[in-house]
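Next come two complexes built around chain A: one with chain B, the other with chain C.
What follows is the complex of A and B.
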């Protein structure tokens, strides 16, 4: 079943010259891990906002086409109603915090309290999520006193705890070190394993390659390429649309420029090492 | 003589949390240095002490020959510019031009000099097309370049870039690398905090690795990225070329892809013979 469906979506922000999204047709299956990549200004964040209904309901502007969540057209739903099915984490974690809670614990409990979840259940879910997200150590800290990386993990946890079927995450690891980035991806993957649908915007292509079922490459408001990570990262469109490549593919391509070709497309560094040490590469005479 | 020198510097926040412990480092004019390490390793605290935003609890910081204890934060920050991790901590003007001009007007420069500096800095960072826009209408990655432009325009001897690579696409990363080289060529010291090891490998001559509030080691990228212990302690992955060369037993190639290809070609020739 399709979880998120965009049909002929074209959108222009108020006062902007041309559309930011152009003729977007995209179906994301339930339980799929779908990453949106592309240069800055390609329309990735706007696409996320359209799935969450912020575009056009909050930002206004000219919107054409339809967005369906679990088969239902969201045109007539309110932003609050859409929130029941779609969780959302903003690009800048500093804008995500509610700003009215005094501790990380309360920040995680905030949404559940608004839904009227019984206190005992709230406690259980918050404790579980603090543990899962590796943020138990900051449970009593003021969210605004945390570092950018810590805030990013709190923002993600505060969204995941709401247990929506579709989660839309805009660059959740931009402020994170490599270890925390791995931890965040593990957290997102755990949500996917629960059957939830993941829509992720991310610049760290090594992680996109490793975790995604499908990759959507956007450029100039349009979908430029779509497919498995191996398909998209070896598509000539990837090079021409100014994205970085997973470091293993980037290195394989540079080696190929020096006459050493590796078959297939190694999506990870260990895969590249395996190909080179196993002798499956070809060296030009 | 070094432009910035930290001597056995320790910093505790007022709530008693120890953030930096016994850190010493030196930076020269015309040098670019990357500081790498985990979130919470003490990187941002260290660089904020370089420009006087934070004051060491103990130890000495010498900037351009003067101990920062004898200077106000405003005086130190005239020598050392700091670009915040979150651009929104820094931006408050309604146009990019006004944002960049703001610091220059406070320096009481004349109109022509202000215009010259704004245009030069904006040209350097690629922000020229955005000068009349409202910074808050621009994406985060561009707002970051706006804050970098402001600091460049103030013409400090040293610049500190706190995670400039976060959220940048390929064009942004290339522009940043180019910018760092240009600033270096102009004699500036450039200190960059980043988590992007491919970016470090491509753009820096010296790396300082921090972990658990201390400096673990420092050296050239080709030395540091093969230092397994230091990389493990800082929980960092080396760039792909170092990881591959180490696994294939040819660390002598360093970070040079051409040299790696040559080794692979030679080995294939030997295997055929």
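What follows is the complex of A and C.
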């Protein structure tokens, strides 16, 4: 079943010159890990906002087409109602804190309290999420006293704890070091394993290649390429839109230039090494 | 789990049991009798003291200030009370007396110094005003010592105030430290672009100016996203909300408030009688 469906979506922000999204048609299956990539200003964030209903309900502007979540057109639902099905984390973690809680613990509990979840259950879920997100160490810290990277993890955890079916995350690792980036991807993958649908905007192509079921390449408001990571990263559109290819694919392409053909499109460096040392490579004379 | 464990009946000083006190709900309590009074009780206490001081002026000021000091001491806050009181209200009071004594015209000359003449009328007027300022000031400082903002907001929520209203209060109180932190981030960004933010006051002031723009811009843009974030966390949900914390309003709080109201009625009565006589 399709979890998120966009049909002929074209959108112009109020006051902006041309459409920021043009003729977007996209279906994301339930439980799919779908990454959106593309250069700055391509419309990635706007696409996310359209799935969450912020576009056009909050940002107004000219909107054409339909967005369906689990088959339901969201045109008539309020932003609050859509929140029950779609979780959303913004690019800037600073604005993701409720602003009224004195500790990370309370920050995670805030959403569940609003929904009237019984106290004992809230405590259980908060403890579980602190553990899962690896933020137990700063459970009693003021969310505003955390570093940008720590805040990003808290923001993500505070959203994941709401347990929506669709999770839209805009560049969750922009301020994270490599270790924390890995941790965050593990966290998102864990959510996917629970059957939730992931829509992720990300610039770290190595991680996109490794975790995604499908990759959407955006450019100038249009979908330029869509498919498996292997398809999209080997598509000429990727290079022409300034995408830094994952190391493994970059290496495979360079090797091809030197006459070494690597079978398939290995998405990680270990996979590339495996493909090469498997003896299945062909060296042209 | 037995039912008694879910809602424990307390038998300490006026037995009561509260259904809201589930094992997962934490009662905000410090262990100090004065600070653990219900915020409404604390507010009426301070309000009553301030009103008494205003109504009676010099007559009651010493009593009001003494009560405030004693209550602060009971709350374990005598020292901060005295520090704050002497550094602000006491100085203000002395200044008022001095100014009034020298500047209110009068016929009874007490003494004269350089261009100024102290009058008895001025001194009397100064004492009238200053005693009220001291009484109200002491009550406010007492409140600062014993009232906890978290407990106050929680109590207002428990009394049925809308979450939006309590959000505005809490967010407003928190905004200064948040802005300060954000300013640090902007300052860092500008330092990395070569704007000097470390050296002397004048240089820092110059460096401060360019941070104001981004700070205001950030807060405006932040407001939009924050509104959407709250929305995503179910803030606009209409059902009952869960509290993980709880502020007690014990029978003795209620009795104390009744007592305060009665005392105030009596005090106002006395005042009126004194006016008429």
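In this section, the second predicted complex is superposed on the first by the 284 of 285 C-alpha atoms of A that agree within 3 Å, B and C clash if a C-alpha of one lies under 4 Å from a C-alpha of the other, contacts with A are read in each partner's own complex, and residues count from 1 in each chain.
Heads up, the rule we're going with is that a contact is a pair of C-beta atoms (placed from the backbone, for glycine too) under 8 Å apart; a residue touches a chain by one contact, two chains touch by 3 or more.
All figures in this text were calculated on a predicted structure; none of them were measured in a lab.
Contact with chain C, but none with chain B, is seen for A:100 once the two complexes are overlaid on the shared chain. By the touch criterion stated above, A:45 is placed in contact with chain B alone, chain C being left untouched.
Residue contacts after overlaying the shared chain place A:137 against neither chain B nor chain C. In the superposition on chain A, A:117 makes contact with chain C only, while chain B stays out of contact range. Residue contacts after overlaying the shared chain place A:75 against neither chain B nor chain C. Contacts of A:190 after superposition on the shared chain: neither chain B nor chain C is touched.
Residues common to the contacts of chain A with chain B and with chain C across the two structures: 92, 94. Taken in their complex, chain A has these residues touching chain C: 52, 54, 58, 79-80, 83-84, 87-88, 90, 92, 94-100, 102, 106, 109-120, 122-123, 144-145, 158-159, 162.
Every residue of chain A that touches chain B in the complex is listed here, in rising order: 38-41, 45, 91-92, 94, 147-150, 171, 174-181, 203, 242-244, 247-248, 250-251, 254-255, 258-260, 269, 272-273, 276-277, 279, 281, 283-284.
Listing the residues of chain B that touch chain A in their complex gives 37-40, 44, 85-86, 88, 139-142, 163, 166-173, 195, 197-198, 235-237, 239-241, 243-244, 247-248, 257-258, 260-262, 264-265, 268-269, 271.
The part of chain C that touches chain A in the complex is made up of residues 22-25, 150, 163, 167, 170-171, 174-175, 177-178, 181-182, 218, 221-222, 224-226, 228-237, 239-244.
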